[in-house]
Amino acid sequence: MSAIHQQSVIQDNCQLVAKTLTCERGSRILFENLEFSLSSGQAMIIQGSNGAGKTSLLRIITGLSQPVGGIISWNQQNIEKIAEEFQKQLLYIGHLAAVKTELTVRENLQLLKRFWPSDTEGSIADLADSIGLHQRLSVSCSRLSAGQLRRVSLARLFISTQKLWILDEPLMALDVDFIGVVEKCLQNHLKSRGMAILTTHRGIDLGEQASFIFDL
Amino acid sequence: MQLFYSILYRDLMLAIRRRRELANPLVFFVIVVSLFPLGVSPDQDLLSKMAPGVIWVTALLATLMSMDAMFRSDYDDGSLEQLLLLPGPKILLIGAKITAHWLSIGLPLIVLAPIMSLLLYFPTHAMGSLIITLLISTPILSLLGSVGIALTLSLRSGGILSSLLILPFYIPVLIFSTMAINASVNSLPVSGYYALLGAFLIVSALLIPFAVVAALKVSYN
Amino acid sequence: MMQFIHKYGSPKYFYQWSKGWQRWLTVITLLLLGYGLYQGLFVAPTDYQQGESYRIIFIHVPAAWMSMFVYMSMAVSGIVALVWRIKVAEIVIGECAVIGASFTALALITGMLWGKPMWGTYWVWDARLTSELVLLFLYFGVIALHSAFENPRTGARAAAILAIVGIINIPIIKYSVEWWSTLHQPATVAKFDKPSMHMSMLIPLLVMAFAFKTYFLALLFSRTRSEVLAREKNTSWVKEIMEQES
Amino acid sequence: MKEFFAMGGYAFFVWTSYGIVAFVMIANVFVAKMKCKRIFKELRELSEEA
């Protein structure tokens, strides 16, 4: 694990703070009075056993589901109040690869660019190149392997301008060299004052970027 | 509004890519309509009296049966989460999905219904009102059905349960439409019924999307 | 207004103040039922048209009114549960659905039993009976949805949304069913309205209607109280109560 | 008293409907009471374990 050493992090404007978060699944309490705070340039790695509620916590942070108790604030404002502005700054890649298997890789990437327009105007081919699928652009996604599907869903990392990345097991089903690519992409994001919250079961090397482990 | 068009474009592209699935409600409609003469009796005046009701009930069931297509595939592969997290009013997302569903399921039914009505000796001079009532009411069916589907999205046995929840709300649509057709069969004034159906469409188009957004929040909790 | 709702809505406080109300309401219900039944069955004169069979009205009409009243209170507690996220309101929705469904079923059964002497058939597609039947379908929908979720809280919130959509649609359904029945109903079949209400008949009817309301509230309180205990079982105040009990 | 129970020939209808209504209302109360007992028993077992 990268040694956690706090650079003199100049206090950037963005800050995500969670207070007394409680979450229930069925009638069982998953976690209670959970607190954390994350500021620009930092990454938070959530670790915990299976079923500890990692994915539920991520979904609460994105605002997809409401916690039973507690508040999450983005720049000191409750995210429920500023949902639209918060979601503009948010990139969420969940457990499921949100890729339509009926469409080809090219069409899926076109949809990504259509829904999340980014000022980096690279073409579909460049994007496909960065996820290593440029020869399979016109292949229907139903014939891709799980790892390749995961690559298509991670394509957003390369064109995203959002500040806060929330990634649920980004390295799942990926081969070794693409893991390196994702780690490098994460490091660039953190270097440019971005923030990231991610869950992972295997180690992730974030270079000298500030990151801390959050145990659930 | 750009969000509305891109989601509409995406859904219609997916619908075209799944053409075979789109045929199911139409085949269902054809089979069930032809069951009635076999089940009841091929006698002409009995069938022509029953025709509006049979056509309408079958069209209603065909739409209800294919309501699943609206959110189910997006929910299962995780893309509905991404769409819900898009900045922008959620109402546009819901509106686009319902319009896409109506275009891919409702319209083909409207095209097929008059043809099938000939099998039931449907009085041809009332064909116009059959098409008009279907045009006004099938969007209402999609709107109301979307609430049922959104509520039962996270349940395994969601499909059957959502039909059970939504059928009572279809009753006014069924009653006014069949009365409109019967009125035009006896060449009575029909505009009153169309106005009521239109009002029902406008009210549900304005109120239902909010219920669907709340229902999706519940399904994701 | 907010503190009021949160204070009275909190499970602990609700459990305390509802005990007294429940006892009082049970007493009132028994008194009213006794008086209403006595008036209705013994004192009220026989109806010149329908003879003795009209006495079914003293339970049929209150049950029909109750089926609407319970659905409305279910929708209102649904709104409270969704907007202010009050735990007790969520429990009330589930309980209202069951009680409302039984009232609607009673209204239907007594309606059919009353229809037989009047028209010779148990079921008549009359506007009132048909909308009662549709209301029963709505109740089944809410109950089925409520019990389909394994997390009771999400189940309650889903049922709340359905109840709110339902309450908006009920007038439309009633109106369309009424229009439909007047169109298809040949005028000869006697309209299903109440016989001309002489004062001595009206009083027992209103007394019974009020008795049904207090019965509903008392039953609702008792069921909600035990459900609150079940839901809050790992909280401190429930453990205290358990020590006092045993 | 006998003609009171005859209800002018409609005895069957009047008394069956009153009977059903009484049965359902009492059954509801009975179910509520049973539920209350069951929950108290559960909670008591819970508090004994703790």
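Note that the chains take the letters A, B, C and D in the order they are written out, and that residue 1 is the start of every chain.
Following the convention adopted for this analysis, a contact is a pair of C-beta atoms (placed from the backbone, for glycine too) under 8 Å apart; a residue touches a chain by one contact, two chains touch by 3 or more.
In this text, all values refer to a predicted model and were calculated from it rather than measured experimentally.
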{"item": "Pair joined by more contacting C-beta pairs (A-C or A-B)", "value": "A-B"}
{"item": "Identity of the chain that, by mean CA position, is farthest from subunit C", "value": "A"}
{"item": "Central chain (distance from its CA mean to the mean of all protein CA atoms)", "value": "B"}
{"item": "Intercentroid distance (Cα basis), subunit D paired with subunit B, Å", "value": "43"}
{"item": "Whole-Å gap between the CA centroids of subunit A and subunit C", "value": "49"}
{"item": "Euclidean distance of C-alpha centroids - subunit A vs subunit D, Å", "value": "57"}
{"item": "Chain centre separation (subunit A, subunit B; CA means) in Å", "value": "38"}
{"item": "Subunit C: positions in contact with at least two other chains", "value": "151, 153"}
{"item": "Junction residues of subunit B, two or more chains touched", "value": "221"}
{"item": "Touching pairs among all chains present in the structure", "value": "A-B, A-C, B-C, C-D"}
{"item": "Residue ranges of subunit B in contact with subunit C within the complex", "value": "147, 151-152, 154-155, 157, 161, 164-165, 167-169, 171-172, 175-176, 179, 200, 207-208, 211, 214-215, 218-219, 221"}
{"item": "Residues on subunit C engaged by subunit D in the complex (per definition of touch)", "value": "41-42, 46, 51-53, 55-56, 59-60, 63, 99, 102, 105-106, 109-110, 113-114, 116-117, 215, 219, 222-223, 225-227, 229-230, 233, 238-239, 242-243, 245-246"}
{"item": "Residues of subunit A that touch subunit C when the two form their complex", "value": "24-27, 29, 68"}
{"item": "Residues of subunit B touching subunit A in the complex", "value": "6, 10, 13-14, 17-18, 76-79, 81-88, 217, 220-221"}
{"item": "Subunit A partner contacts - residues on subunit C that touch it in the complex", "value": "150-153, 231, 234"}
